[in-house]
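Paired with chain B in one complex and with chain C in the other, chain A is shared by the two complexes that follow.
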Partner chain A sequence: MDQSATATPRDIPERGRQPRKPVVKPERTRRQLSESRLGKYLFVLPAVLFIGLLMIYPLFYNLNLSLHDVHLSNFLAGERPFVGLQNYFDAFSQPAFWHSLWISLLYTGGSILFAFLIGYGLALFFDRAFPGSGTMRAVLLVTYVLPSVVSGTVWRWMLQGDSGIVNALLQGIGIIDEPVHWLIHGPTAMISVIISTVWVTSPFVMILLLAGLQGIPPGLYEAAKIDGTNAWQRFRHVTLPMMRPVALTVLLLSFIFTFKTFDNIYVMTKGGPGDATGIMPIYAYDKAFNFFEFSDGAVASTVLIIISIVMALLYFWMTRKEEAA
Partner chain B sequence: MKSTFTSLSRRDLLRYAGIGGAGAAIFGITGCGPGSSGGGGGDGATIEIWDYYGPPDSIYGRALQDLYERYMKANKGVKVDKRFVTFGEFNRLLLQSGAGGDLPDIALVNAFDTGKFAQAGVARELTSQVEDWGKSGKYFETSWGSTVYEDSNYALPHVADCYVLWYNVDHFKEAGFEPPKTWKELGTMAEQLSQGDRIGFAFSAVEGVQGATAWVIRFLAAGGDITKVASPAGEAALQQWVDLVKSGATSASVLEWIEEDTYNRFKAGRASMMLQSASYVNVLKEEAPDLNWKVALLPKDKVRASFLSAENLIITSGADDVDASWDLMTYMQHPDVLKKYLPERNKLPARKDLAQDPLWSEDPIWSVFVDQLATAWAPEGDVAVNSNEIFTYIQEAIQLAISGSASVSGALKQTQQKIDKLMAA
Partner chain C sequence: MATLDQQPDTAEQGQDRFARRKRTTQYGKAAVGLLIVLVYLFPVFWMVSTSLKLRGDVFSIPPELFPSPVVFGSYIESVFQSPPVLRALLNSLVIATGTLFLTLVLGTPAAYALARLRLRFTVLISLVLLLAQMLPTINLALPLFVIFTDVGLVDTYAGLILANTALALPFAIIILRPFFLSVPGELMDAGRVDGCTPFAVFRRIVLPLIRPGLITVGALAFVTAWGEFVFGLTLATSEELQPISVALNRFIGQYGTRWADLMAVATIAALPVIVIFAGLQRFIVGGLTAGATKE
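Coming up: the complex of A and B.
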């Protein structure tokens, strides 16, 4: 690091180099300071370019698209009339738009609820040291590292009405008599995509919650034991309050990740049957790339982004609050 | 570019004789070789061409790559750069490349999407080239119609295909059946052929465009007009689909099956009939050599109908060398080239004259496809431009009716409303 950038006038004569040019020295220091700053900015430049080109520009392009009337016949022509918020008003008047938002919230809410409960249970389980716990945790994480296209395809096969292993299993143990066509009825299709999402995300939830559990000072439990509490009371009055900040963070992160899910559902149901699992990302994709209504797709994408940004801001706010506490 | 093509055998002869220069002169006189447009394809040209058939090491991608290599061999200095893009991403990436000013020279597109790409300005108008070429009359009307948008040409047909009825001969023999002549007969036979985990009739009704194809064929056979699905033809077609499931003639899983699933089921002997295109002819021969199967014309109702499954070649608006691209496209339509390529690709010629070649007309399997091709329908005009939406809406009606979420007439009514709104926009 360039030490001269932080040198004081009193230090300079001690070095004995230019004691008679005190006027020149500060000038050079400023230049050096400026060069030093430039050098620092150059180090940051790749990251700024990366974020600008790959994140900010697409966001801006999408927003810009949503404010113009862009469809198949003028997509390449360049004549894109500015329509302001008209595309938003049009979208908000479409029942299909609100339906996709509702389906997104239903899917996200259902997935988070079960992923959190299962993840919490698993975290409590793995919080106790026992032989093989490390291996078991690693095995559980396999579901999270699988590409979602792969896991979606596997679930689609497993849930097939005629030849799926899920029906074979349920029939084998006598829970159902006839095969269930999981993916062709709206309610069962929604349950199916939620199950597949929970299967993927609950190990992730488990890892985060486990870190939180292991951060609780053991002294608290010991003190509670001395006070004569039972296991449930310690969980209720020590674990739950201590885990609240971590749990809220996990819930928020899960919401952000799940709300923007696309590939898993697209592989499993393509948003069907009908539009029963047609979450907003699929609605946006269909609008833009199947029906070539680019502005409508951009509107849906922008709404998705806004919701995700709000949740992200909430997450940052909570993180800061937690740090301040 | 000077003409360098001749028929395959002649080209080989000339090459082996080592008289390339004389060969070019002879060719110039005879002028009967593959793709001798006399246009582009100049030395040093690189033609980038996109397709969704598969990478060069896949079955269908290999056939296409071999075709390009034959062209490059005959046109020294010209490079054909094949790029595979998956079917699901193809249209999106092509449009995005157009927006980014980075289009390939040629794109091999779904025939129904030709109008879309013309409307979007991705496909370049080829009317003058087509008129100079003078071969439009040699094509099946439906195939050629798919290359036209607002009375102008934007493409050349690449291959054609259509759906026929595939049946398991052993199952039919056991039951004492002959291939059904009417859709009503098909329903009765399918019900009787179903036993155990075997179904009588397999087709795809999966979410999206693919799942509407089989139903559209049934609907057209009933005399339907695709923009009027809430009609007696629509009721007849959708009611039969519901009845097939209810009677056990087929499975409700048709709503989950892509066409490959129906093929796998037929291959395993777990479906006595299937509605399928020619894509699987060679594959089935290889994968199930012991399966005793044949194909037959699809049954009739009021008319006999099928569905064109085809690809067209477009020159994009961003093509660097239009003449070279046109030269390659016309080469790919030369009869000698197609006779080598199509059997490898499991497809039919879009050219009527070539379809009469013994290669297809005397083959017991391919001749059925050729006969059926004459009845194949493809969306045109505004219907073609909106075909993705229309077929998606139709599949929703199929799903609603088969799953019992709506009555046949209710499902059709909902779909009709969506189609009306779409066509009015």
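Coming up: the complex of A and C.
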């Protein structure tokens, strides 16, 4: 009686799962059991606390910030009046906000399209076994781990108007007559940041697609060969359809990781000229750290995070369906 | 000669010729592959090449591929004799090393528990961790700046290490969990039978077996924290504490057209990453894909 009174609700399903054990356990064993169960959670507790304090709490803090009116003067004074959704209405009525969303989609779309095509090409080439192919495809991945400020600076130098190597090359082979001042004009600045992003991400896309290519059963290709197909037909009717699910998840993943880019554009153009490359993360940063409109920055980052979360959930959902199939 | 060639081969000769032709195309492919790699990595070469040129030679038209003469002036002047650059390198070293240790200390036990101790919500926690990696860094930088201002962590190493660990910890746990899953359960049971506490099982039996995982996570945490930019830009407002990434970005404006100097700083900033990548390539390549995707 005494023991059943002290049993915590958690003990009950545990006991139910092991019906063969004696119903009345000695007191000592039970204490040991609960100690080790507590011990289990001690392993995750520090990490959970850390993530809670430094990731989840800040994200909610951000949400909260977006519902208050916080700018430089009252931030320092510590006043943060609650204004409800007013900041959102203000942001949504500004063309600059919608412009940054459009620029983000343009930049992300352009980058993932070309990174996907180049990554696919590289994957098809390096999928074949030849001496050094493994090392070569790993070496390509160095562009992905290089500090983004380094790659941004190097591309800035290569695309420089008067003495950049890109202009010299394009003039050398006769594509352009006059040097192009890539980062000074809006449309070419967008092309520039897309080029450097594609350079960084294509090898990563290649690695992800390679995993998919290697999962295609070789028997399918052999059967197609027996049917007298040529290499193009096999690519068109075996590789492409077999790769479709993998390709879609890779595209989605690229979208998620490109949409959140900040460094590359900040280093190359700071969102300029004007706001020609002013993607949403740059817009949010400018609002908060250059104009000290913390609430406006928080609104932009809330919208940013909602888009990211929706895409991430879509990715989870798609990969889940894949597993079930 | 022609008639000789037309004679039917014996089976052995035929196989030999086939193997030789196959080997030739193999080397042909390898040559094309090498060419692709060289062209693709040209920007890295161009960075190093520019950094070794005389300041004036940088502007020569048409550009010279290789520096002649090779000079180290930009490295001496703009790196080794430049206190701000040395300071920024030291800052990055402190931040990246701190992040590496904090990530391992927090991430390893958590990954172990999620893999082995049959906790509730394991799937949910894993999804949250994966999601955490997909969120824009700026989403964290903005509130962290406001919070850190309140608690006095802006402009401190501690603040930067904490923020960088927040980025590294989710992928550390995701990468480490499969390593723990691959440890044979019998080994751990044996330890438990011998009277080890859960902590002793973890420390004495499991940890030594998952060293490759720890190396992967350590390398990735260091490399990402070394190159991290957004937190350096927002949470370190004084130049004294800014990492090399932020310093390099600042020099773009300051150096004007001294591209050789800028490329020398860029090369030095990239060097630790390239060295670690070259040395621990197989760990890093595996870790990058495992950390970003859902199996």
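To be clear about the criterion, the second predicted complex is superposed on the first by the 289 of 325 C-alpha atoms of A that agree within 3 Å, B and C clash if a C-alpha of one lies under 4 Å from a C-alpha of the other, contacts with A are read in each partner's own complex, and residues count from 1 in each chain.
The rule is simple: contacts are C-beta pairs under 8 Å (C-beta built on N, C-alpha and C of every residue); 3 or more make two chains touch, one makes a residue touch a chain.
Predicted, not measured: the structure shown is a model, and the values here were computed from it.
Q: Quick check on the chain A-based superposition: chain B and chain C, clash or fit?
A: Partners clash after overlay.
Q: Applying the document's definition of touching, compare chain B and chain C: which contacts more of chain A?
A: In the superposed model, C touches more residues of chain A.
Q: With the two structures laid over each other on chain A, which partner does A:I309 touch: chain B (first), chain C (second), both, or neither?
A: It touches chain C, and chain B stays clear.
Q: Contact-wise, after the overlay, does A:G161 reach chain B, chain C, both or neither (first, second, both, neither)?
A: first
Q: I'd like to know which partner A:G52 touches here: chain B for first, chain C for second, both or neither.
A: neither
Q: Identify the partner contact of A:L208: answer first if only chain B is touched, second if only chain C is, both if each is, neither if none is.
A: In the superposition, A:L208 contacts chain C only.
Q: Classify the contacts of A:T269 with the two partner chains as first (chain B alone), second (chain C alone), both, or neither.
A: A:T269 sits against chain B, while chain C stays out of touch.
Q: For A:P217, using the defined touch cut-off, is the partner it touches chain B, chain C, both, or neither? Pick first, second, both or neither.
A: neither
Q: Applying the document's definition of touch, where does A:V145 land relative to chain B and chain C: first, second, both, or neither?
A: After superposition on chain A, A:V145 lies in contact with chain C alone.
Q: Can A:F289 be said to touch chain B (first), chain C (second), both, or neither?
A: After superposition on chain A, A:F289 lies in contact with both partners, chain B and chain C.
Q: Given 39-47, 147-155, 165-173 or 201-209, which part of chain C has C-alpha atoms clashing with chain B after the fit on chain A?
A: In the superposed model, chain C runs into chain B at 147-155.
Q: Residues of chain A that sit at the chain B interface in one complex and at the chain C interface in the other, please.
A: On chain A, the overlap between the chain B and chain C contacts is residues 75, 156, 160, 162-163, 288-289.
Q: Mind listing the chain A positions that touch chain B in their complex?
A: 72-73, 75-77, 156, 160-163, 181, 183-186, 269-275, 286, 288-292
Q: Going by the contact rule set out above, which residues of chain C touch chain A in the complex?
A: Contacts found on chain C: 26-27, 29-30, 32-34, 36-37, 40-41, 43-44, 46-47, 50, 58-59, 61-63, 105-107, 109-110, 112-114, 117, 119, 125, 127-132, 134-147, 162-163, 165-166, 169-170, 173, 197-199, 202, 223, 226-227, 229-230, 233-234, 244-246, 248-249, 252, 259, 262-263, 266, 269-270, 273-274, 277, 281-282, 284-285, 288-289, 292-294.
Q: Would you tell me which residues of chain A are touching chain C in their complex?
A: Residue list for chain A touching chain C: 36, 39-41, 43-44, 46-48, 50-51, 54-55, 57-59, 61-62, 65, 70, 75, 122, 125-126, 128, 130-133, 136, 138-158, 160, 162-163, 165, 168, 172, 199, 203-204, 207-208, 211, 253, 256-257, 259-260, 262-263, 266-267, 281, 284-285, 288-289, 294, 297-298, 301, 304-305, 308-309, 311-312, 315-316, 319.
Q: Please give the residue numbers of chain B that touch chain A in the complex, ascending.
A: Checking each residue of chain B against chain A gives 91-92, 95, 98-99, 116, 119-122, 197, 207-208, 251-253, 255-256, 317, 385, 388-389, 392, 396, 399-400, 402-403, 405.
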